[in-house]
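Before I ask anything, here is the structure I am working with.
By letter and in written order, the chains are A, B, C and D; residue numbering begins at 1 in each of them.
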Amino acid sequence: MASRNATVALIGAGDYIGAAIARRFAAEGYSVFAGRRNGEKLEPLVAEITATGGTCIGRSLDARKEEEVTAFLTEADAHAPIEACIFNVGANVNFPILETSERVFRKVWEMACYSGFLAGREAARLMVPRGRGSIFFTGATASMRGGSGFAAFASAKFGLRAVAQSMARELGPKNIHVAHLVIDSGVDTAFVRDLRRKRIGSDAIEPDELMDPASIAETYWQLHRQPRDAWTHELDIRPYGERW
Amino acid sequence: MASRNATVALIGAGDYIGAAIARRFAAEGYSVFAGRRNGEKLEPLVAEITATGGTCIGRSLDARKEEEVTAFLTEADAHAPIEACIFNVGANVNFPILETSERVFRKVWEMACYSGFLAGREAARLMVPRGRGSIFFTGATASMRGGSGFAAFASAKFGLRAVAQSMARELGPKNIHVAHLVIDSGVDTAFVRDLRRKRIGSDAIEPDELMDPASIAETYWQLHRQPRDAWTHELDIRPYGERW
Amino acid sequence: MASRNATVALIGAGDYIGAAIARRFAAEGYSVFAGRRNGEKLEPLVAEITATGGTCIGRSLDARKEEEVTAFLTEADAHAPIEACIFNVGANVNFPILETSERVFRKVWEMACYSGFLAGREAARLMVPRGRGSIFFTGATASMRGGSGFAAFASAKFGLRAVAQSMARELGPKNIHVAHLVIDSGVDTAFVRDLRRKRIGSDAIEPDELMDPASIAETYWQLHRQPRDAWTHELDIRPYGERW
Amino acid sequence: MASRNATVALIGAGDYIGAAIARRFAAEGYSVFAGRRNGEKLEPLVAEITATGGTCIGRSLDARKEEEVTAFLTEADAHAPIEACIFNVGANVNFPILETSERVFRKVWEMACYSGFLAGREAARLMVPRGRGSIFFTGATASMRGGSGFAAFASAKFGLRAVAQSMARELGPKNIHVAHLVIDSGVDTAFVRDLRRKRIGSDAIEPDELMDPASIAETYWQLHRQPRDAWTHELDIRPYGERW
């Protein structure tokens, strides 16, 4: 793997999708700057990528804090120019509307929408002067549909989609590729397997019944590789057997 | 006009759409509880409706404060049972993404989305036990499309639409009619006339080129009258000559 | 009821929605020109409306035949100027894709889309010179979503929606109100009751569980009454208890 | 290039997008079966691909004729199992509604929608028993929006999108990947350059201002490569500078 003088900043570098994106871009020679709430949890990922000859730097990051986002991206960009910023903070909750506290509503928005705005804007601030870069946002079914019990989560995800769309329309002509990826199904994570175990008494998963985080990471990589005469702003992904 | 033992609560009772909704429901015998940031500005409206034999009560209300929203709706409901709650707070701003401060992004969201969630939830809390009521939200073009420069406003309006959709799916079966009205054009207000004067040097408006607030109010009234076997969740309105 | 010098042309005047629309507009003093495949089936409706002092004229009409549509609308307009043309031909079928014959695909399109184009265009030809009129199309869940087994039906309904949208954008500025009403649920018809009987062994329907055709007709009437500064192009309707 | 025992069938193999897709899949070792109205026009493409060691077979094909579509796909499948079928017939026209003849409306539908249904269904008939394959449809801006003057074209493209969606929902679980690619901008073709010359007096194109057919072909190739745990059903593409 040839190393590049380029960084991908990953905001919301969780154990599954985030880690897979880190691996995918590291494998292409990018330095990966990975941020998540509790930075120590990134140690195994950093060790793994380093062991394969890649570069991954982990940071504790509260993505809801403007100054932390700015500092994180500035540091990443100082390491090597940021070519991609991927926002992947989740906050899936479900409450009946009468039990949705203002605290939950606000917190979900801060995590899933407001921090996405901060990440996108701060990445744009670094990329626009240089006239290139990719800014990608992870969406969900709830980005497109406000289901029962999802007032807080769907509201935040709809809001994030609007940020992505507005940024794409403004920044496309400045050669910044802004995309929104709608993950319309369960991903193969410990949390999802656990849910299924509780629901149906088993966590047996058919092959390819859930999305492999590596497949999602591959989608991001393909988006980043698109030539600028044919950029995708939005796409959905789901497993072959999914009902939708 | 026969008076009814019923209240309509109006959150965001501005000089145009809000005032027109107040007049329309007052004309049907509803007590109107009208709230806006600066309650004194409601005095002419209250006087006008009172003069025609209607009931309109104006209150200062910061719709971003949970306790104020709760108190406002509780008082309205104590006056007479709330049959309709209409959320009409606007916050239209346009900034290039790099000039969209976190303060603006947050404030627009608090005004146009978060306060809509509070209004809807608190209205539902009063309506659900009684098994009836209408909760309506005012949307805009930006509810459906994130245009360049609209990251803050579209994000809030997308988010409000998600709240409306989630509430509709949960509360419809409880006989609460939740609707979202997309105003896809300019309304005939002093602000819009002023903008046009600046842009094209004249505020001459062709008849029906802009929406009359009374027409929007009529749409809300028709939504409220719909029988429950054929409820509309979402509709758009625009003037006949509008390009879209 | 004061009689008006105005006609509403109803293409696809079936026993439920079509008949209800006929009754609603006749009750407002419109002459109703009702067309359906087998015109004799309109006799009871004509008799009923006539008995209440209204005017309803029934005609056999194959809406897939251009010359028949032209003749039908020309005759209606000669009777009294056409103020509204409502297209309500249905063709709901469900087949697995491999069992969808080209004959079915074509026929469903001819009934639900092509004939809607003919009706809309021919109505526009009469209305445009006079600068007024309403052209409304009946849509369905399948207008918005291509479900499994619905390749033929959804394709025709999507296509009809495109016709409505294109016509609205072109003809709105000519003062022709073009609207598309999405009926997102079952209507209370013999056919639907029969289906339920087969499926769940009973045709017992909760009150307002299905849409009353009269409620749909009322929605069309309200659309027709809208002032031109606030026209709706699209709205959905469904019963309060519907899952969607 | 290693040759594979696999065929891609290309229906609507025009000089630009179609030819580019043929080249892309041929370069991966697929036998390409290319069909277009006038098969002789395929000779240069066949010669070019053959010269590079690939396999391309050109056929005259009227995609509106069921028996021709069946025969074309059967022959392709006999050559080597069909792994992908790509439908790319265009029919972009713009007429005011009153000048849209029934002949145009029907013909555009037959070319852009009906023949897509035939291609999709017949490809599925070959793929389903074998439990694998890709069926892709080329969409356009008009697949999502019915613009003024586009009643015929948008109606056909909306209809094709519904076919794609219905097939995806039914055939996904059978391991057939059905996707719809929305080309939301001009492609760099002689026709588009010509239009621009007429409109703005010059066909000077900024680099990447129009989409290179090769970029569209690459998108189809990436869709075909997706692992089945993360299939995209729909994506849009447009050049970086496009206003949308």
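Convention: a contact is a pair of C-beta atoms (placed from the backbone, for glycine too) under 8 Å apart; a residue touches a chain by one contact, two chains touch by 3 or more.
Please read these numbers as outputs of a predicted model, since none were measured by experiment.
Asks: Need the most distant chain from chain C, centre defined as the mean of C-alpha atoms.
Replies: In terms of C-alpha centroids, the chain at the greatest distance from chain C is A.
Asks: Please report how many Å separate the Cα centroid of chain A from that of chain B, as a whole number.
Replies: Inter-chain centre distance comes to 34 Å.
Asks: Report the inter-chain centroid distance for chain A and chain C in whole angstrom, where each centroid is the mean of the CA atoms.
Replies: Those two chain centres are 45 Å apart.
Asks: Residues of chain B that contact two or more other chains, please.
Replies: Counting only residues that touch two or more other chains, chain B contributes 169.
Asks: By the document's touch rule, what are all the touching chain pairs in this structure?
Replies: Inter-chain contacts occur between A-B, A-D, B-C, C-D.
Asks: Taking the touch rule as given, give the residues of chain B at its contact with chain C in the complex, in rising order.
Replies: 169, 172-173, 175, 177, 208-212, 215-216, 218-219, 222, 226-244
Asks: Mind listing the chain C positions that touch chain D in their complex?
Replies: The touching residues are 66, 96-98, 100, 102, 105-106, 109, 113-114, 117-118, 120-121, 124-125, 128, 142, 145-152, 154-171.
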